Amino acid sequence: MSGNQKDVGDDAPSLHHDRPNWWVHGLLTIAAMISVFPLLRILGVSLRPGDKIFSTELELLPESPTIANYVEVLTDTNFFLWLFNSLVITGLTALIGVCLAATAAYALSRYKFPGRATMLIFLMATQMMPAVVLLLPLYFMLQKMQLINSYAGVIVAYCVTTLPFTIWLLKGYFDTVPRSLEEAAQVDGLTEIGSFWRIVLPLSTPSLAIAALFCVTQAWNEYIVARVVLQSSELYTWPMGLFELQGEFDTRWGLFAAASVLVTIPVVAVFLYSSKWLLSGLTLGGVKG
Amino acid sequence: MIPVSTLADAFYLLAATILMVAALEFSLWWIWTFWTHRLFIPASAGVGSVGLWAAAQAGFLASPVRAALIGAGAGLLAGLLGRFAIRGRYRLPVLLLAPAFSAVSLLVIYPFVFQFRLAFAGLNMFTMADWLAGGELGWVGFRNFVSVFTTSPLQTISFWGLLGRTFVWTGVNLVFHVGFGLALALLLARVVRGRGIYRTLLVIPWAMPQVVAVLAWRGEFHPQFGFVNAFLHTFGIPSVNWWSDPVPVFISCIIVNIWLGIPFMMIVFLGGLQSIPKSYYEAAAIDGASALRQFREITLPMLRPVVVPSVTLGTIWTFNNINVIYLMTGQNGGNEYADILVSALYKSAFAYSRFSFSAAFAVVIFAILIAITLIWMKVSRGTESVVAR
Amino acid sequence: MTASLTITNVIKAFGKKRVIDNLSFSVRPGEFVVLVGPSGCGKSTMLRAIAGLERIDSGTIGIGDRDVTRLDPKDRDIAMVFQDYALYPHKTVYENIAFGLRVRKVDSATIAQRVDEAAAKLGLVHYLDRRPGALSGGQRQRVAIGRAIVRKPKVFLFDEPLSNLDAKLRGTMRIELAKLHKDLAATIIYVTHDQVEAMTLADRIIVLNGGTIQQMGTPLDLYYHPRNVFVATFIGSPPMNLIEGQLVHADGELIFRSTGGIVVTVPKAFRDTVERLAKPGETLLWGMRPENMHVEEHPVTKTKPVHSVYDARVSVTEMLGASSSVVCDILGHELHIMLPEPHRPKRGDIIRLAWASKHFYLFSKNSGLSVSEDLNG
């Protein structure tokens, strides 16, 4: 992976590289420390025996680190249930999102029809809207459809925010596929839909993966909407599960920290691994201009 | 650990989803192939109404009869529209767009319209029960809109206070995001060894789940046990009550959001710097320009196409960021010293149950966002590049 | 035998502008027809319309004895080679070539046989397992051609296939294409903006400009009997010189006198036509091909008045090896001349040139049409 794809900044020439840059390294180190500091602190708390969060020491690692918190999180709480719920919801959101968005993005990319300009502007505009603005009526709608407090309800709610951006992203990608490929396929004997299905789509798997990844990152870390829609504890996604560890009167900070670390590590790892792809996807969406 | 029933539910849902998506795409193919058949219009009306009736029976919709009628009407309309109104060559794109378009209509347009209606009703915590029992929504005119502007959405702070605070929030964050992001990008561009490690570490605030990061910071801002006050102590500064005093609460939120938003800007700027050809700098060096001069005359102008979209995105994300404020101020039962428009909206709807009021509030916020978007579009002439592609 | 391709009164407009303006022509089986013209003349659009990739506003397109105007590309029995080759990047060379047959559900034995045949013909046998990304430009082009020939279509369409190749490769491929044409006895419609390709490859050339046919004919037809100024200056490299002037009668002869003073006698063979077609007093353009001037060795004597011998001042000489391209000035007219070796004049030299040719080109400046030959009837 690291060998093949150039990452952001890999090629950037070092400006004025003859000058001594110890101070550059110094500043960067300080910045890096500030970046990882909260994570390290949580790590430290998670390794503390008992509930010694209540200490004013500045150190990161406690004197006698223990993994008891981790063990307890993994065995004595509903941690895996929360992860499972998140997985289901996120996976289905990505699946639906990409399936619906792909054909729409293709149509917007390849065809001119009345209303196209309006749709494009509408898509761009919806990215400016926060989900919150629609959350209340969505909540009532879901209630009427009896989808509150179910997987389906949350997935529906997530599709509201992910669909416009996914269409936008995929359209940007389809714009870069040369039309002559589809024309060659049509001359070869395929219909228009056939050329989309058999030539363009297989060629687009990387960008479909990016789109799916985007849906996944949106849905996995989401809290606000899930909190409104899901109510029974066996449906909790992991952010909600995390707050369940935070009881009314007694917060087990050690557990809380351990659970946080357990969730964060894979998320960060996936992000870093896929960030090259994700960023080039954003480029297609026009972020880098 | 995972109850079997949940597992079963999940598989059931997965199967249902796959079936639904497949059915949708299949129905597209069906429409496409049998478009010109004589019985197409009555058949689609029939299928539409039967499908909706079945869904209603299964409990997905309220009144089966009404649903069946709507279904029949929709099917009929679609058939007629398809056959007569849309000219031959638009068939394919319309069909390709149909699934996403219907989803968006259902999930975005319909709720919005409904919310608009809701804003003119008198729905709140008390009248909710009546409505759920099958009553009508009622009509109170513009009363809710008026109270949005005149009364407090929360406890004490007014709409205008929220508006002002939101702009301050967005502006301050933006300045620091861009400033620090650019600075870090420039620093990163200077080093060759270790750039990868630095970048990985510096990106962590963006990579981490926001919930975890914000809660971690909240812990550090704890007046007694948090790192921030301990850090201040080493410089002889007395403790600040980050959790309860109005201004410190807001400042702590800003600090956290700045920390969260810098990596994105940094990465964007780094990419932008990478794309400036080295030859410009070499030519300037031959011409005798100092480093500062080169920065002003070459780096900044050439970064502009990269800066504009990212600043736009960053502004939108900051303006609409609920997570930070909501979690830092203690969620539903917490204080309102840092609330911005969107977090106030959430709280007034789900913490205070002022439903119709919140609907009106949401419409107002929506109008503000539209106004900002239009102004931005005019200023940057963004629509042309969008539509031209 | 029915024509392979029949175009009748085809019109296509983008908005108000007619890109194809009432074109009609037909192509015989096995003929190599080249559509040539400057950018925007409608040639590519016409080709794509034949392929079915563009819709036409009115008119008919017939392939064989079928009217294909309303048919999808896949039903027209055509094959096309695109300018950017349009090879499927995720398929191997073999799969690229085989794709069209696979789609039509041809059995794999036949597919294998045809692909191998095409690969052998195009020198691709060792590349069948590679992906297009691993091939050079010339090889990719051959794969594109291979994809077209395995389908054995009624008509082959080529859309500027050589324009992405470097000059040397272009020359080689031109010869290969000519050989392929003979080999397959195929009907080929070929679009290019390069008149050299048109001249060398075509059985028949159709010159297009502004959506209309300027002239249709064999290469030599177009070269020696251009209908109008456009065709005259488009075909031939370096292009024909045009000198403005008028007709005068002198000594019982019809004479063309240029604005600068160059004098040419209208040859007897053309005189009647010129008198008939040229309006009295109208400004005319005399066309002179660069190779029709030669260096006059013999000294001019007073007793032998010779028209059309002039002293030319050389401004630029481009040495091409066996010949030289010279830009010179005669009486205020800047002319391009081609001189064989050993003439290699330098800048500032004065050379004596005489015009001698059995071809005579005279055009009306107003209409652009030829007045030396009656081709516009």
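To keep things simple, chains are lettered A, B and C as they appear, and every chain counts its residues starting from 1.
The criterion applied here is as follows: contacts are C-beta pairs under 8 Å (C-beta built on N, C-alpha and C of every residue); 3 or more make two chains touch, one makes a residue touch a chain.
These numbers were taken from a predicted model, which means no experiment stands behind them.
**Q** Please work out which of A-C and A-B is bridged by more C-beta pairs in contact, and write that pair.
**A** Between A-B and A-C, contacts are more numerous in A-B.
**Q** Farthest from chain A in C-alpha centre terms, which chain would that be?
**A** Of all chains, C has its centre farthest from that of chain A.
**Q** Taking each chain's centre as the mean position of its Cα atoms, how many Å separate chain B from chain C?
**A** Taking the average C-alpha coordinate of chain B and of chain C, the gap between them is 58 Å.
**Q** How many angstrom lie between the centres of chain A and chain C, each centre taken as the mean Cα position?
**A** That gives a centre separation of 57 Å.
**Q** Per the centroid of Cα atoms for each chain, what is the distance between chain A and chain B, given in Å?
**A** Each chain's C-alpha centroid was found; their separation is 13 Å.
**Q** What part of chain B is in contact with chain A in the complex they form?
**A** Residue positions touching the partner: 1-3, 6-7, 9-10, 13-14, 17-18, 21, 25, 32, 59-62, 90, 92-94, 96-97, 99-101, 103-104, 107-108, 110-112, 114-115, 118, 132, 184, 186-192, 194-196, 198-213, 215-217, 219-220, 224-225, 227, 230-231, 259, 263, 267-268, 270-275, 278, 281, 291, 305-306, 308-310, 313, 316, 320, 322-323, 326-327, 342, 345-346, 349-350, 355, 358-359, 362, 365-366, 369-370, 372-373, 382-383, 386-387, 389.
**Q** Spell out the part of chain A that touches chain B in their complex, as residue ranges.
**A** Interface residues on the chain A side: 7-17, 21, 24-25, 27-28, 31-32, 34-39, 41-42, 45, 53-56, 58, 78, 80-81, 84-85, 88, 91-92, 95-96, 99-101, 103-104, 106-108, 110-111, 113-114, 116-117, 119-121, 124-130, 132-138, 140-141, 143-147, 151-152, 155-156, 159-160, 163-164, 167, 175, 192-193, 220-221, 223-224, 228, 234-235, 239, 242, 253, 256, 260, 263-264, 267-268, 271-272, 275, 279, 283, 286-289.
**Q** Name, in rising order, each residue of chain A that touches chain C in their complex.
**A** The contact residues of chain A facing chain C are 178, 180-181, 183-191, 194, 199, 202-203.
**Q** Within their complex, state which residues of chain C touch chain A.
**A** Those residues of chain C that touch chain A are 51-53, 72-74, 78-80, 82-84, 86-90, 99-100, 103-104, 147, 151.
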